[in-house]
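Some structures are shown below for you to check.
Two complexes follow with chain A in common, the first pairing it with chain B and the second with chain C.
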Partner chain A sequence: DSHIQYERVGADVTMKCGSMDWDAAVTWTANGTDIDESHLNGSYLILKNVDLSQSGQYSCYEGSSWHLKYQTYLRVGTPPKEPVLMCRSNNYPKGFYCSWHLPTPTYIPNTFNISVIHGTKDMVCEKDAVPKNRCHIRYLQLFSTVKYKVTLTVTNALGKNSTTVTFDEFAIVKPDPPESVVAKPVPNNPRRLEVSWQNPSSWPDPESFPLKFFLRYRPLILDQWQHVELSDGTSHTITDAYAGKEYIIQVAAKDNDIGTWSDWSVAVHATPWTEEPKHLTTEAQITETTSASTSSFMAPPTTKICDKGAVVGSGAMAVCWTAGLVVAAYSVLFI
Partner chain B sequence: SPTGDSWGIFTFLCAALCNLPALPALNCSEELGAGQSIQQTYDLTRYLEHQLRTLAGTYLNYLGPPFNEPDFNPPRLARAERVPSATVDLDLWRGLTDNARLAANYRAYSRLLCYLRVLDGQVGTAELRHRLAHFCASLQGLVLSIGGVMSSLGYPLPAGPAGPPAPPGAPAAPNDFLKKMDDFWLLKELQTWLWRSAKDFNRLKKKVPPAVVTLRLEARGF
Partner chain C sequence: MAAADSPSAALRRRDLCSRGIRLAGKMRADVVDLLDAYVEQQGLDASASVAAMEGVPLAAVERWDEQTGTQRLQENLAAYRAFRALLAQMLEEQREQLGEAEEGLGRALAAVLLQVSAFAYHLEELLRLESRGVPGEEGDAPPPPPRLSLFEQKLRGLGVLRELAQWAVRSVRDLRQLAKPSPAPGAAPGLAESP
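Now for the complex of A and B:
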């Protein structure tokens, strides 16, 4: 008869050959391979300081008859470390979800148990099929002053561990990033880019719970982002783009009044509209670029970048200088 | 533009009707401004919420531990139920009429103001007194602003304690610790109400655009 045996990494394991006497003649195999007699103490199998590679099926056969007397499946692992638990409401005011994971694997099966207490009430967190390690709860009441206390307990054959998080209803509100971000050049406008996006589909009621947005953009050649905060609407026109430069653009969302900003959306790239070149000969190209340089490198005064609200303190001066140098360098290149 | 034309017609109607001696109570400028005062009330709740963060921090430090610990999560004692709670069933909250929604806010802040005024009379430090006084003044402004919105929409103001500083039938806390607990819950409820009000006024903003005022004139039989 066979069963499973769980042991800690580094432990010393002694396996008995079922009901056989200590002095019986037996042969042990590990995953079908005979084990050397040096590991035996009588009919007991001794494994010292076990490691993960020693997991497998161990069988014990009586010496002469080769009858299978005992079989076990050895699983080497570790007791669980303190799990990481996070709760978030990306669908306010419907409810929230909690997700968890172990910081290091245990290599053996674990069971997770989650409890949610709201004041004196126990609430049930329904486990999601996909992804695993996640459960969700529906709010029964809104605008609660009482905190939620969520405790996650991890248990396996070698031990258990737990962690607790406590939070207010408002503190965990964090929408998903905006979706379908699109950035397009504006015909006949070399300094503009039109950006539009949609509310995240997981946000159930943008009418009563409107979102505000944060847009950030920069040309690929610069490291410093420019930021715009928008209290309504799902589109914005950038009017100070460097002509001809490819831009990277992202948007984030937040409930108008509570919670925290979403992660940044997927980045989109766009280049402002540029005039079509008219000639293909080299001479004409030089003429074209020198005349174009006076219009497309009428770079915005560097103060524009510095004036954007997000750049503060001594960093602002550094950006002004950097931007000024970059502009000067490009202008020199095209002269 | 189409909106310009309808505004023109409406203003004419308003002027004509306002001049009728039979309608002394109709104040057109108030009704026209309903949408704008909702926005102003909303802005005021956000301002107060911001102010409260500083005030609560200072006050809880004054109360000392455990009240100023971020994880402090005491059970709600029965006596704390006197303070009006913002907590509400989700579907119930959604289904509130504009009148009920505004009235709930009006009643809550009127009572919270009373309680805060009591607090003001008791605190020790000059800094706290100053902050509390400033906050009470702003909160009074909020109550008046909500009242203004209700009047401009033709709703009656809820009766209730508007003046007396001590709420009727309020038993004094039997000991210092329970008194501090009362203060803690008062601040918590105030904070939650301000968060809720932002959502209440968001909903009202969407449901009471200026164009709806013409319906009110019709409802009055004109």
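Now for the complex of A and C:
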């Protein structure tokens, strides 16, 4: 006879050797290793205060013949704690999904049962193949004020537990983050960055259910973000970037009318356009050092700021003047 | 149908839809604020469930995406006409119950009532544009309301404002659908004849 036996952590377990009498001579093994007689009471195996490491295959053999008389697989675990359940609509108005997990493992198999009630109507939440702890449901009605009530029950051989969440249709709408975020410098514009992105592919109908966006950006060397909210379009030009500084940029999305903001998108990095590095001239070095009282950022030695040969604006002087402005702008970061 | 598809009519429709969307958006924001004030001043529990009440148009709809443009306009118009009457009734009840004491709430109710009336008119304009004809209001007149207790009046008011807030969102969505350019005649999703 071979079967599975579930016991709680900390329990005392007594195993009988099948139909053998109490006083029969037997040998017990655990995962093939003989168990010391001190754990026996007659032919019964006594395991006190079991822990997870004692899970395994237990076998009982008749004393002299070594015939296998009984075999069981002991699984030590715990009854389930209250599960964590969340529901969200990232594909409004098609439907929503619910996902769950246990706050601590039980170490034994669990089954999950989910029920969804809308008013008096029972709805079926179809389990996803992947991930396993998720199910999805199609909206049968839109714009309802009646709340949805979702109850998840988790059961295992040692007990059960459940949790319920209640929400209305609008509250759980949360798109996935925008996709394909791209940030590029703008040629000849040292303070601009062009950012573009796409609607999340999971959002089924952005034309009828447009998203609005929140853009945040900061130079890598600063902690404070700048924010811009955009009610339409999937691009934006940052016009106040610090010249030459590498920026980190992220975008979030929200339905124009309901729900909450998505998580932030994957971060992208970009540095505004800077003039082609040229060899530093003596004048340029003097310009930098005389500006030191308001500037603590020094261009790396290979950076070429003033080049009489460069044509920017109205000529080389414009270049040097521009460079002076750039250097002054850096100073803001370090005051 | 030909009139509805002419370029000028299409432009006018888009313009009316855009303005309607803005109206509905503002109306919704004001209704949400009014709802908060109403719950507080009436001593209600914001999370209380209110059963559907007779005469309060429910925003909930099945197969919303399959509705024709005409259905959308007609259902919206019927709803806002009903809300116009319901809000007028609420305003009257407010004045009876509280007199001058809750002027703020009364003013907010009156402001929303004005917006609801304006939006209903806007919907009539859209229906006229589509040469659908505007349904008369005689058939829409709600039956005389049963005499409700004070508490029932408050709950009803809560239900009215909640549904109105939902309708405002639905109206924005409906108008966006209407504003979509029509495909080939005979297959227009926004303004096709209802099947």
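Descriptive notes on the structure:
What we mean here is this: the second predicted complex is superposed on the first by the 279 of 335 C-alpha atoms of A that agree within 3 Å, B and C clash if a C-alpha of one lies under 4 Å from a C-alpha of the other, contacts with A are read in each partner's own complex, and residues count from 1 in each chain.
Simple rule for what comes next: contacts are C-beta pairs under 8 Å (C-beta built on N, C-alpha and C of every residue); 3 or more make two chains touch, one makes a residue touch a chain.
This one's a predicted model, so the numbers in the text were calculated from it and none came from an experiment.
In this superposed model built on chain A, chain B and chain C take up the same space, so to speak, and clash.
Using the contact criterion defined above for the overlaid structures, shared-chain residue A:120 touches chain B, although it does not reach chain C.
Judged by the touch definition given at the top, the superposed model places A:57 against neither chain B nor chain C. Look at A:170: by the touch rule set out above, it reaches both chain B and chain C. Contacts of A:198 after superposition: neither chain B nor chain C is touched. Look at A:93: by the touch rule set out above, it reaches both chain B and chain C.
For chain A, the partner touching the most residues, choosing from chain B and chain C, is B.
By the touch criterion defined above, A:209 reaches both chain B and chain C. After overlaying the two complexes on the shared chain, residue contacts for A:260 are found with neither chain B nor chain C. When both complexes are overlaid on chain A, the residue A:149 reaches chain B alone and has no touch with chain C. On chain A, the surface patch touched by chain B in one complex and by chain C in the other comprises residues 93, 140-147, 170, 207-210, 257-258. Interface residues of chain A, counted against chain C in their complex, comprise 93, 140-147, 170, 207-210, 257-258. Partner chain B is touched in their complex by these residues of chain A: 93, 119-120, 139-147, 149, 166, 170, 207-210, 256-258.
Contact residues of chain B toward chain A in the complex are 46, 49, 71, 73, 75-76, 85-90, 93-94, 185, 188-189, 191-193, 195-196, 198-199, 202-203, 206. The touching residues of chain C, counted against chain A in their complex, run 25, 28, 49-50, 58-62, 64-65, 162-163, 166-167, 169-170, 172-173, 176-177, 180.
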